[in-house]
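Note that the chains are named A, B, C, D, E and F in the order they appear, and that numbering of residues resets to 1 at the start of each chain.
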């Protein structure tokens, strides 16, 4: 039986699947768990990243303020559901003045690798690129060099070295509301220089929900069946983009090789808080917690570019679904 | 007094106009009558076509599944409101392999002509064109040749031959979210070869709701005043397309001649289920039932490209409105 | 302490800030105060202008009818909240036949200058430009020459002459859903010929909510700190435009010089009636009443291009906020 | 050895391949053979069609006048090189008033089928579609029904019935400078109703010169190896479209099946008269004469949307090249 | 017989129509009369304005330098053909600092009104608008207020007051390569404030060369038949814009009323210097000299946005042509 | 006096500045030195790279064949002017199958670093990116990993390590005819992993010729004044892009710091072979030879995306010009 190659997290936020619900991924009835106005100056809090931390949880949150500046903030929670988010955005520590003067930050991910947490985010440096920092306490964040040249978004680290190197997924873009997007894979020996870029997956014209672009979501989860990657796919309707969520299984040692990938979506904008907001019709996964022994997986996703929500799945059901509905 | 030149349908789904409602077309309070998740794998069920069948009703339904593949499904109902829709999409019967390999189907219409039902739909054959099939039982569907070259949508048959020929309305398009669209009329002696194309009507810059494009909706209803055609009109706001419904009266023997056409819309996206969904702000009529003796007309329309809804009107009130508010 | 240089309006529509609300501008819980279907043929009533009149209030209202023609209508109210709007749109009086044949009117403003009310609006004369009329009774409206060449929108008069001239703000545009927009200032000795055009303010790339375009809202309010201008700013998301409201303080004698301007917005589309409607995500201020002695300001704004709403603020709180959050 | 299944034309315009020229298709040094100002009111004469007629040649010519109206004119020549073109455009004879009121005509082709010449052209009927007429004398042209619904261009008839039906290639389009274009095949029993539409070929992303769109050129030439079709392919540079010429061999009885198709172009804009003019960088073939016994083929093509030119090829060399460089 | 209501200019640059040339407007064989590199730092010299001055001629010239900055320069000539152009661009004299800081200037016109020369040009003030200055010596240029709000181009003054006011034609635009453009008329009592705007003419979908936009060219010439206006019209090919020249006759006292307007163009890009250059396919008239007694008219036009050229016409022939080919 | 920090090249191709020519960069009168049809199957040969090699010269050439496939070919020359180019494109040697399967290659540069030649080019790997290979003999080319993620173009190596690392300039792009483009700088310890990305320079709205995008041209030349970088700048006219050439001086040790940059261009499309061809109006520098003792610099540039040309400059004159006309 497939298992997660990872730790136990007995206090994972969890709600069982409702009785009449047949979906492989189900929403929390408490959604949205983080409202847009949690902070006095927040316009919206979404597309955020959460990890176990101490006896509870910590996270890095995208907070757009009422100036509609995009910033990322640190936060903490005892239960993963009720969050205390710093009113001030993260002030990154670096001696490199050129790197420090970023224009915006958004859509963070957090990944524990060996001995510390790494944060990656969309960093404004003459266009969007992938910023990287590390922290051990969610108070001090040490910023490293940007991983890539602009223009790039959705940089997602793997939680261990692969072939001896750090590894990252990303979605190269243009300077605006990019109407295309493939997922690529890159490696680095030192978190400074990146190379060995490999193509992972493209949009699919056949399955409409992922026909415009695709981008990695939470940190991939290592399982006996491969890396479990939740990702977003985008459809272009006559009224704009629609963001949904799917999943893929990537080869454990050559993660640019996609073993399975869901033809149907797992979650799409159906609920009012997903359909109405600053950007209508957005479901955007950014983090996932798991409890290896039980196979429980809890997904944090942004809704309508406005609020933060939770959804749940069980590893076994999910892998069965992914394999049964794969379209490689 | 104007009458419908057609049959009685005493069991037509019907709800009287609410007391305080002064509209010529009014919605069912039971809307949406078909929810998006009626089928286990359905993402949305909308833009569908319904006809009297036996003692009840049958229909062909646009079902987008969770892969966001667009397919059409057969369904049946006792009352026209509660529907049983096949989980499998229609498998069309044809010996012509080239025709069989369609890429998608959507927005079906159904029309009884003489001795059988004809289904027309937007058929993906190297681009969208008009597919045709006939059925007598809503189980076996025999596919004919596509009517036209791509790129075309909204092919709507007349329920009898005109001037000895079959007749169809359609809306030629481009390959994407077409920002233009006129209704044209075509004839065929045999449902295989089509010609004698005539222009019927264009968008109107003056009446904003129909200023971007117009397309035929349900099968035209023959009345003593002409063919009653419900149609959709599209407005382009700064946030995308808005689809509303109007009506026209076409000459009985030269249906490409428009006798009357509503300057105001009859129905526009006002209700939450019309304003919020996969495509916000869509009212898209696809079928109409009528009871000739009473003049009752029941319109099936898709809402927000997500669900199926009902609206009602009375022939006399409607024709009076159409004539009084015409803008030819 | 800052005060409004204007009259008392003891009967100003007013609701105190709710207890737990910390916003400098707060909404009326009665919103929308004017529903879209107030008139039998109205599709939407929004982006409208209100002034004190006699013992009550009068206004000029944008009413899009069900043909989606854009017209402006006169209306009256005892309390500023419950409105009687004429079913017929305003028929402007002018001998100049060339000016009379306008194609549409929308987004009116009303401004009392010395001895009469002036109405300005977006007037369709071979493209959108700024129409001007005056009235003393809200029954007879005398149309003057259009102020500018097309293409222009959001013409807003100052309530007194400046440097001996009439003065107007406007936002030059293109012929469609203009993706740019600065506020300019112009003067006229006689309300017929306009010149001495000055640039006032541009969109700001840094503060996203006003990064696409900005346009003047209500008639500027004269205060001891400068002209208080509420204005709209527009953000372009991947799903279209989002309209929010901010405020600026302009120099009293050289109003093209911006003294303060809010980096954050004051009001943005958060409520269902602002997020859902004919144009989702629109907050568009068009008029403001004030009571000089108390510093109460009541703002009328259009929501979702569909309905009319109220919001409130206190002069002192507002000016403090504007200065503290300015980004000149 | 491959031969043309057709007649002898000993007086075919001909110039041998220059000594040092290794190209399979070579230009006439007399190009352009028809200057843009051959007629007093002509702005340009190009994209025209020529056939043997009596002891000489006749043709139908696209003439854009100085109003930049697009019209087609009849012409005659003794040698196929020096042309007398009527100053008046063709006045088509038809009783069908709806068909008669066309808005423009351009890019004609002429095809002899059995007992008369058929002219097809891009006909403006509420958008571009394919007009058809027949003539026996190039003086009287009897207009038939338009073949298809708009929007379509480059309708090219086959010179004999196929499977008992008339057959035509065409390139469905949109309403403007269409950025896409496939060649389709249609049949008609009677030149009035058309159907049995089949896809023939698409642009090729790999071979840049035909990566945007492809369209049929001259009447296909029947050979023992299949229908020889010259066609245009379009590349989109950062400065617009570039039109070049290739060739394909279609199955004799199922002409929608492409047997061979040139990966390289045969002729592209290299000469000043092809690179400079009303539309820079256009080579657009519209007609071909052949002399079956010798295998000589003379191609008429429009250059830069301005003038008419000649190029030559030999059947054997050409077929060898097409097969050797095919990319099916 | 029609005559020019103006002065004699016996030394008008002139070349008779070549023997075989039947055109109503003919080019100078000396074209281009001003090469692109006349000045050491000039990239191009075009779209310029010329008037009689003293015993010779003076002019204001658009000179784009090698930075591709757009500037206007003063120049002088004895014969109107050989020009001495100042190396430094005009430094306008004004006390109004806000007006002085323009970003660019281009496409000047010069017009003598009563007692001085007025220069109008496209002036960069937060977007393109119409700058105005006057001079008596082509050395000192006194800048006035900009006539209009941005965005506007091609401001052309009438050479006398009309109805007591100064009068100007212009073509409102957007901020870029505007794909639309009508000619409007405005009046001013004082060259400072402008109003009484009237629509003059729109592009014509029927006559392709003027189907995208139209703009006034040289100062209108007063004739007994009306104001003779040369104007440019623009066609959009798949490879960009094509600029040609036509003429209109405007009512003498109500110049916004078009009496005649050429359906065919008078001059279009045919010559290499018109077809090849910084912007291929541009003929853009900017000035005209006339000799009233002989009816000789000499037109200065920019070619390919690169060089300056001359063309000639005779009043009688021209008016006959305009009337005979009018399309009002 | 400024000198080139490099070798002598006494046999550098050279022609003195013509007597009357005052330009700092002047063209070879032998242009184009490589015609488009040098190879039997070449459509065009341009944007190519040349270096001293043995007693003569070697190069890597962009050759688009008549399929309009983009390939790079090796070539050799005795004098740098007359070239022998291999008919077959370069077959790169690599064991890495994923890297090998490129879709296209274009716009190569060649750079000698320490002990071998490095070739960089635009490499099609799921979009354009920067390919790298090295060679010692221009026969065997060993391909390395692509430097960056797509989408990128114009990768240009520095001829020595900087701060211990290899260094490269590049211009991130989108997937098409990118309407933006900045030059960035990146470093690599090993030619495999790249990082420490720094922004170098952006387009300039003020100097039109470089207002749309800028990209590095030849390998930077080390001088006592800094790295001499020739670069291309792009202007967007209403008829498409115009490519010109400028120069910059970059800091020797921090090459992302621009010391000087030409406000005017050095070379722009003026000659017929630059203005007419597959892409009109292109001057695109790709390589430069220099002779350090004399300061002679010979620039190879592509013209009209069709042919290869030469231009010359003298270091002293050039640096004086760059400094005198700088616009940092």
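One rule holds in what follows: contacts are C-beta pairs under 8 Å (C-beta built on N, C-alpha and C of every residue); 3 or more make two chains touch, one makes a residue touch a chain.
Just so we're clear, the structure is a prediction, and the values are computed from it rather than from any experiment.
Looking at chain A and chain D, the chains in contact with each of them are B, F.
Where the sister copies chain B and chain C meet, the same residue numbers recur on both sides for under half of the interface positions. Between chain C and chain F the CA-based rotation angle works out to 180°, given as a multiple of 5.
Chain centres computed from CA atoms place E at the largest separation from chain A. As a whole-number value, the distance joining the C-alpha centres of chain B and chain E reads 55 Å. Taking each chain's centre as the average of its CA atoms, chain B and chain D sit 40 Å apart. Each of the following residues of chain D touches two or more other chains: 239-240, 276, 280-281.
Of all possible chain pairings, those that touch are A-B, A-C, A-F, B-C, B-D, C-E, D-E, D-F, E-F. Those residues of chain D that touch chain F in the complex are listed here as 22, 206-209, 211, 235-240, 242, 263-265, 268-270, 272, 275-276, 280-281, 327. Residues of chain D that touch chain E in their complex: 36, 40-41, 43, 64-70, 177, 239-241, 276-281, 305.
Across the interface of their complex, chain D is touched by residues 98, 125-127, 129, 145-152, 170, 172, 174-175, 178, 180, 182, 184, 186-190, 192-199, 202, 256 of chain B.
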